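After this come two complexes, each holding chain A, first together with chain B and then together with chain C.
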Partner chain A sequence: MDTKEPKLLDEIKSKFNVEGRIQRERRIWISIDKERLIELCTWLKNQRFEHLSAISVTDWVKEGIFEVTYHLWSYKDKILLTLKTKIDRKKPVIESVTTVWEESAQIHERELHELFGVKFKGNSDLSPLFLEDWHALPPFRKDFDWREYVREEHYDKEDGREVVYYD
Partner chain B sequence: MINQMEPAPKDTEYDLYFGPAHPGSGNFGVKLKIDGEIVTSARADPGYLHRGFEKLMEYRTPIQNAVLSDRLCVLEPLNWNLVHAEAVDELMDIDVPERAKYIRVIMAELSRIQSHIIWYGAFSIGTGFDTGFKMAFGYRDYVLDLFELITGGRVYPAGYICPGGVRRDLPNGAMDKILKVLDQMDEMIKLEELENPALDARAKGVGILKVKDAIRLGATGPVLRGSGMKTDVRKEEPYEIYDRLDFEVPVRREGDAYARYIIGIEEMKQSIKIVKQALEELPEGEVIAPKFKKPKVSVKIPEGEVYVRNEVARGEAAVYMVSNGGSTPYRCKIRGPDFLHMIPVLEHLLKGAQIADVPAIYWSLNICPADMDR
Partner chain C sequence: MVKRSEKAKTMRKLIKAIWIFNWFNSCGFTELIPLVGSRWDMERFGMIVVGTPRQADVLFIAGYQTLKSIKRAKKIYDQMAEPKVIIALGSCTMTGGMYWDSYNTIKRLDDYLPVTIYIPGCPPRPEAVFEAVEKIFGHVKELK
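What follows is the complex of A and B.
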């Protein structure tokens, strides 16, 4: 392995007092509190992590948290760095990173707002993206019962051909 | 006394809906606000092909998901097979046999060639050059014949590249047939490269994307390379056997539709080079890891998380897979290149463009709504 991954990780650890690990060549994973997220993101952007590859949310329903992950790629160092931060599932609000990665962050956050119901504070456009007239629970949450939803929205109990879906 | 004329109401502004049933545009629309001939603002309207793959995959085992991953992009299913298979391989710590790695690369590059052919065809018809479209789809069929021979499916390989390797070995005579098809692809590229003043006039200087904007908007792959950034996941983060292969990354500085179109042609040449090298060095041996040799109903995925990136024909593709130890992934985030190309990049490029240039810009981005909506 190159020396650049440990060097970068040490630098982040000493500056921000966070936990992190190197999974393999070119892969660093870091956990950070949501309060310090923007500070770290801004610092990383200045360290040439220019490409925001993706933002994702994992719904840990038993623990009652949403885990928001930011996957950043540096064209200069050729490292993929993942930031993980946890937010309360009952109050899913997090600061938006549009101030750092602008449009590319904006569209990822808009998608996650629709599919998980996470609010990104500071994102100017969180209007619906894929779904039309959606009134149920955000569909990618673990507690969204899609079978139940399809039965209620699209099937008719009185219809002889569709009654089998209610057994 | 002559009354002064009342100023004319501003009736040059109107809305235009581009798509969503436009032939070939796929299931995708763009709402355009137009003043006279100029597009003043554009807003992408995705969602016509949203099938919720990320959720579907949470309910299925990796072998089932391999089949599902075909549908992530209609035009390059084998490349998406590969991203998904690599994520499972890394998560389960599986040693993929050498021969399987070579076959994976051969199939992925053939898939890239036929995807770029469609790109050329769609770009041609978008700019009013019908011959190019028909030529492209004619030549693409040679590659589809190969897919039928090797995977059993012409368009969808039904998870040919699966976790652990590939589903079956190359059949007898497949190598000779691949070489023959590559000769035909050379022929096709020669035709593509013929000077075409009409197409040049429609594409040159149109839809210029500066490299700074491209990075900010999240562009990757041919779109970013067309703006002058030399980057390719196959070079920067070699997966499978790409570190052993000799190929170049074509780059253009102009950043216009024409540059992206030339990148497509150059990449086809490089892919042909890659397939030839891989065929020459193809080793003997098994094509699937022992763990997946016999079809199993359920395989436990060890706890953990991986982020796997690949270079597909359209740009950077990635899968973020999280497992909590069950037989299905707990979360499978799919990052498609067109999610960025078709929303922020397209909106940015269309703003201020002439209405007649909209198709040229649209097609030059190598668009596929399937991997945007997922």
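What follows is the complex of A and C.
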């Protein structure tokens, strides 16, 4: 393995309170507290992690947390760095990274707000992309029973044609 | 000789061709491409795709509609001039198709828009589309 991955991870560990590991060449995983997220993101951006590939949310319903994951790519070092942070499921609020990656973060956060109900503080526009007039739980949450929702919203058990949807 | 009404006379004059506006979601459009190509060639039957609903006689709706796109479909339908016809293609428009249990699709198009003809199939064969359009021509010819 090249030496750039351990060097980078050591540098992050010395500056921030993170857990991290090198999975393989050009692949690093890091977990950080949400309080220091923006600080770390800003630092990473200055370390040439210019490309925010994606943001994703994992719903750990039993543990009561949302795990927010940022996938970062460095064109200079050719390293894919995955940055994870945890937020409370009951109060899903997190600082927006639009201050760091601007527009590329904006659309990802907007989508996650629509699908998980996570609020990104500082994002300029969190209006829904597809779910206009949506009143139920955000649909990608694990406790949202989409099949039950569809049966209630769209089908009628008394209708002979639709009774098959209740098997 | 059959005595025809004024409406029937006018309609028979107008029905030389059917102008189509397409409103397709998801795979609906790709399944209709063969109709445009040389093998089935829909223009020989006078079916022409137009660029705006204001010129169209027929609205083709294919693929499943979402809660968002159905609003746009309604707007398109409102812009069309009378007489107007909706032809819905594929099982998606009838039952939701593969996506019958999706939270974001509409399950039956005629709950939202006055569908004239459904063409079954996933996807419908090109011949089935021709048959549906032929029924429109036939309807006008039978008008009295």
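By our rule, the second predicted complex is superposed on the first by the 164 of 167 C-alpha atoms of A that agree within 3 Å, B and C clash if a C-alpha of one lies under 4 Å from a C-alpha of the other, contacts with A are read in each partner's own complex, and residues count from 1 in each chain.
One rule holds in what follows: a residue touches a chain if its C-beta (ideal position, glycine included) is under 8 Å from a C-beta of that chain, and two chains touch if they have at least 3 such contacts.
Source: prediction; values computed, not measured.
Looking at the shared chain after the overlay, A:Thr99 reaches neither chain B nor chain C. Within the superposed three-chain model, A:Arg27 lies in touch with chain B and out of touch with chain C [touch as defined at top].
Contacts of A:Ile107 after superposition on the shared chain: chain B is touched, whereas chain C is not. By the touch criterion stated above, A:Lys78 is placed in contact with chain B alone, chain C being left untouched. Applying the stated contact rule after C-alpha superposition, one finds that A:Tyr165 touches chain C and leaves chain B untouched.
Applying the stated contact rule after C-alpha superposition, one finds that A:Val150 touches chain C and leaves chain B untouched. When the two structures are aligned on the shared chain, A:Asp133 is found in touch with chain C, with no touch to chain B.
In the superposed model, A:Gln47 lies in contact with neither chain B nor chain C. Overlaid on A, the two complexes show chain B and chain C touching the same residues of chain A, namely 130-132, 139, 146.
For chain C in complex with chain A, the touching residues are 66-68, 71, 96, 100-104, 106-107. For chain A in complex with chain C, the residues that touch the partner chain are 130-134, 136, 139, 146-147, 149-150, 153-155, 165.
Chain A contributes residues 23, 26-27, 29, 50-54, 56, 58-59, 69, 71, 73, 75, 78, 80, 82, 101-104, 106-107, 111, 115, 129-132, 139-140, 146 to its touches with chain B in the complex. Across the complex, chain B meets chain A through its residues 46-47, 50, 52, 54-55, 215-218, 220, 229, 231, 236-237, 305-307, 309, 316, 318, 320, 322, 330-331, 333, 335, 339-340, 343-344, 348, 373.
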